[in-house]
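Each of the next two complexes has subunit A plus one more chain, namely subunit B in the first and subunit C in the second.
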Partner chain A sequence: MAAMPKAPRVSAQWRNVGRIVARRLGLSVFLLIGITTMTFVLSHVVPGDPVATMLGDRGTPREIARMRSQLGLDRPLPLQYASYLWNLAHLRLGTSIRTRRPVLKDLADYFPATLELSTCALLLSLALGIPLGIASALRRDRPLDHAARLFSLGGVSMPVFWLALVLLALCYGRWDILPAGGRLSDFTLPPPHVTGLLLVDSLLANDWVAFRDAAWHLIAPSICLGYLTTATLARQVRAQMLEVLNQDYIRMARGLGLSEPVVILKYALKNAMLPVITVIGLSYGSLLSGAVLTETIFSWPGIGRYAVGSSISLDFPALMGVTLLIAVLYGVVNLCVDLLYLVLDPRIRDGAAREIE
Partner chain B sequence: MSRQSTRHPSPSTGASRKGTPGKPRPRQQPSRVWQGLKRNPLSVVGLVVVVFFLLLAVVGPYLTPYDPTAQDLRAALQPPSRAHFFGTDSLGCDVFSRVIAGARYSVPSGFVVVAAAVIIGLLIGSVAGFAGGWTDEILMRVTDLFLAFPSLILAMAIAGALGPSLPNALAAIAVTWWPAYARLVRGEVLRVKQAQYVEAARALGVTPARILWVHVLPNCMAPVVVAATLDLGSVILTAAGLSFIGFGAQPPEPEWGAMINAGRAYLGSQAWIIAFPGLAVLTCVMGFNLFGDGLRDALDPRSVRNQGSSASKNA
Partner chain C sequence: MSTLLEVRGLNVSFDAVRVVHDIDLTLERGETLGIVGETGSGKSVSSSALMGLLPVPPARVRAATLSFDGRSLLRGNELDLRAVGRERGRGMAMIFQDPSSALNPLFTIGDVLMAVIRRHRKLRGTALRTCAVELLEAVGLPSPSHILDSYPHQLSGGMKQRTAIAMTLAAKPSLLIADEPTTALDATVATQVLALLADLQRESGVAMLFISHDLGVVSRVCSRVAVMYAGRIVEEAPVDTLFRAPSHPYTRGLFAARPHLRLPSMLGERRVEHHERRALLAIPGSVPTPAQLPAGCAFHPRCYHATADCNARVPVLETLPTPPQALTGHSELHPARVACFHPVLNAPPQGD
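Right, the complex of A and B next:
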């Protein structure tokens, strides 16, 4: 950021920033404790019995009782809760009832796929939605604006699972230009595991075959997942741009004879983007958690599909792990958005932040 | 850049919007709202679609040419024809009848969830905003807690635990949907609370409960109504999605999402099985979105101002 006019002002500003960050971090801890408690209560008051589900037909009462005591499910609830929190503090998320592996390991295996997919979807919607919103605002009520608004309306109204199936039927079934699902073709050797993100891993290994294959597999799911976000962004950017373009300082800038690109990009866009940042943050949070349908259809081995499987087999340790992971991600993304505001908007540093919260 | 924007604060940010408190939106007369709606032909289209689907939800089940769940394996997988407008599915059920009957699942789903969310949100949000202080702090932190909960996953957990059914799915959606309304209502109450007529009522010794109920809440309703209309579409989408992955309505119930799931295997060869239920969801949700957008433009004085200024620029 540019140098501030007076030194004391700066320190006052950053004291403010420190207070806001401290408060946010405190709230995050509170949120985490709350969410763990809620998931715990939820998973223990429900009538479903995971052990009976797991054993299925083999579930004789004796076998079920033995299994329950083995999993510690027969101890009093407060005790179970205490040991749950204790384990959580040591990053032991328990053992999945379904896969019989530590939940943390499962999450570490499945999460990179979701991260890669949602990041691609977000980048796609940023690249499409923001220019579309700007163009739409500049050509208000012209054909381009109408087309863009129709496109956005489709995005917020489209059942994502249906769009995915239609894409599959056309691009795989009819034209055979895109793969049916998964992250890599059967015959492609996966790159050595470093981050779990196939695009990054294949680049690190300088393996262009795998890179191209991974990118090819990402196209359809990213389009499906990103359409809604693209539409939301385009609408938001359009609305904010229209609002800002009506401001006196834009008229002033134009009156001063500044060129249109400078007026739009330097003065209008910067101010219009501030509220949009919140939308981007919220969208990323929901992309990370909302990939369930897309992942199911494209057989994408991410946490969404993991959660579906866990839910069917009443695998509560796994579900609690997924919930916790998503809540943490959500909190982190929100924190980043708030910090970004502090950097971008000096009014908030000045102490208006109290009201924003 | 930073000094630039300090000098020219734009009213589009929360900080400066709250800087001009106590300016309540004028309460809109129904006829005025209708005038505003009529100005935009697309929102009238939205209204027509909404009314169409509402009617379909009410009388649809009496109009179906076939029993939507009647199977006829000899007539399975038939393409659209005069006997079966939308063809038949793998069990020989008439897809046209099932799509019509599906309106009775999806449209009420939207209304039930949104009504529940609005009621809880109004309760929590108005108390938090009106009481302020610690009550506000505690209620809003609880709201944040529910807001941070991944909605689809919670819905899946509840559906998995209580057994998959549409009512269970709807309950799960409602649990994760109300926080948005609580925050919305709280913001509105904070704004309206500072109005002079509220101060006057307080000076006259009107009880807080009555002030909230008679003077504050009615003036908070416009944005809530707009959000609710737009949310009807989103809830219908979410409920259909949950049914699609098997955590909502169960086959052979003629629910659109469940129908699409059942037709997945016939995607390449008998596309009509999933095409028509999908189009039904799309049209229905689009109707609510168009109508909601129009309603927002008609109720929100800010957007009216925008329209006015653009009109004057064009003139």
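Right, the complex of A and C next:
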């Protein structure tokens, strides 16, 4: 007779989960150390003197030297690196050479705009890409599938700046149904600053005028930024769904007479989404860091534009801050993805399947 | 008994290639029919086609008659997927070959099992869980409530197949299609699962279509057997008749290829003296691919009895003129239907 099931006891399972999480966090620490070293080295080996840029034509050699020692740039590199790490540990990211404000403050000002835009773009692509991928798989090789694939091809191959310009030319220039750029219209009073996310802040202040205006301003940049991700998602979901629909457990579920919506949206979708989650995580990371073009065209005061401004003026502390922020974001998003796998896949929870690396 | 499943002229093709040719099957209520054949003979494709589980392009399923429980499953002469969809579960349910791939890895056994019960038995709450536990007990699983909360990867192969059987029983089908349900299991576990299926069939009176490549397995569960070769039924007979007097050269070949069951002389008198008794005989050659079927009888290139007319025409399934009891001395043997121009009519030696 069959023996007792080999299911690990609950405590053993949690120990397993704890071990995986701890290992994953441990890896993040190494990642952080690597990133800080990289940003420091890169920003200190590039040619160009930030102080000279800062002082411009007025800078006499004496003034430049004074400024350099004031900023600590005359000390040996290892010492600079040590103090950089020390400050980092205390969340002191230095002072921006360009804006002359603490970098942390700058980031706190610019980042919410990017976060809001990227999140809207991601939500838009989830809401469009996943149903599109499912429908495409279910109607394989029929007109709907072809249309969806054409749409996806556009998304993967159309340059963002071009799409942005077309959107602007039509929706603002010709029909005047969307704003030209910015986060709010000139005549709209911004809601009191709480999170820096205008949608959230206006909701908190119960200010529906500001909410509508902020949402209105988000439409075009979100479409622009989210199109590529929508296309990628639709393709991935379609491919995974086709694969899963061919599996015996789906034929079994159908053979048991379970209704088609339950089979597709519950039993098939969860399996199909498993590999897609990684793609979603990576996409979110690149949305957060890669909005430079979109932000520039829609004059969106986000981290991408801040980074561009900083690199033009060789603002090393600011650049290092931005790089660090993006690296940390990637790390956090990936961590979330890995934790999500633990929640969704019992095989990983039991350590039965390959562990997440 | 009344007819549960009636199939006339079933054809299945993938793109332009026909893999199942004009199959006729009739199944009474509570009857057990075995379908035997080598890999690629079309037995699994036919059953998946009946369940409407083939991906519809590229597959195409046509029939002259296809009725289940008195209801036609055709629209024109094509399989009506909607009509089949309505029969799945409560009408017909299917057990798959590999239980490891037939259970959803991301959901607990209880999740799927209870979804089936909810759908077909309209139970809720504690009654639902009780029913699930009872079903798992009925298929001989220990600590059922524990298994309800387990995931497939936490169970052994035999346990997985038992839970799969429990899931099909949950729908209370009137026809159970078992597609090589023991092939992926260890020999001892396979024997247990086979016994379980036979018991459940006897107790519940469910009709069963049992697909296997193993004649011995089929004989333990089924009362009637259809032998398939290259997409056609070549012989159909009650299990006793088939085992005492197999008439199609291919069927005889299958028996001869089974270890320690029949003598090599079953291949026909022309070959007897060339072989050691009890030697294991393989049928020469291999199953032709559906795209390149030989003309006439598809078996003729591998057949010891083939003559010129075998590659001219396709033999149809006909009741043998000679009653088999005249051959074997057994009374009460029902005649077989054979698709062959030269059925082997000599009595095989009795007693292994």
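In the analysis below, the second predicted complex is superposed on the first by the 344 of 357 C-alpha atoms of A that agree within 3 Å, B and C clash if a C-alpha of one lies under 4 Å from a C-alpha of the other, contacts with A are read in each partner's own complex, and residues count from 1 in each chain.
One rule holds for everything that comes next: a contact is a pair of C-beta atoms (placed from the backbone, for glycine too) under 8 Å apart; a residue touches a chain by one contact, two chains touch by 3 or more.
None of these values were measured; they are calculated from a predicted model.
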Partner chain(s) touched by A:Ser157 [first = subunit B, second = subunit C, both, neither]: first
Which of subunit B and subunit C A:Ala307 touches, first, second, both or neither: first
First (subunit B), second (subunit C), both or neither touched by A:Val292: first
Winner by number of subunit A residues touched, once subunit B and subunit C are compared: B
Partner chain in contact with A:Tyr249 - subunit B first, subunit C second, else both or neither: both
Which superposed partner A:Pro61 touches (first subunit B, second subunit C, both, neither): neither
Touched partner set for A:Asp345, first subunit B, second subunit C, both or neither: both
Touching partner for A:Pro143 - first (subunit B), second (subunit C), both, neither: neither
Partner chain(s) touched by A:Pro261 [first = subunit B, second = subunit C, both, neither]: neither
Contact residues common to both interfaces of subunit A (with subunit B and with subunit C): 1-2, 5, 246-249, 267, 270-271, 274, 345-347, 350, 352
Residue numbers on subunit B that touch subunit A, as the complex places them: 1-6, 8-16, 18, 141-142, 144-145, 148-154, 156-163, 233-234, 237, 240-241, 244-247, 257, 260, 264, 267-268, 271, 274, 278, 281-282, 285-286, 289-290, 306, 309-310
Residues of subunit A touching subunit B in the complex: 1-2, 5, 27, 30-31, 34-35, 38, 42-43, 46-48, 140, 153-154, 156-162, 165-166, 168-169, 173-174, 240, 242-244, 246-249, 267, 270-272, 274-275, 289-290, 292-293, 296, 304, 307-308, 311-312, 314, 316, 319, 322-323, 326-327, 330-331, 345-348, 350, 352, 355-356
Subunit A-touching residues of subunit C, taken from the complex the two chains share: 48, 51, 53, 55, 57, 85, 88-91, 93-94, 96, 98, 101-108, 112, 115-116, 119-120, 140-143, 146-147, 149-151, 153-156, 158-159, 162, 164, 167-168, 170-171, 189, 192
Contact footprint of subunit C on subunit A as seen in their complex: 1-8, 141, 246-260, 262, 267, 270-271, 274, 344-347, 350, 352-353
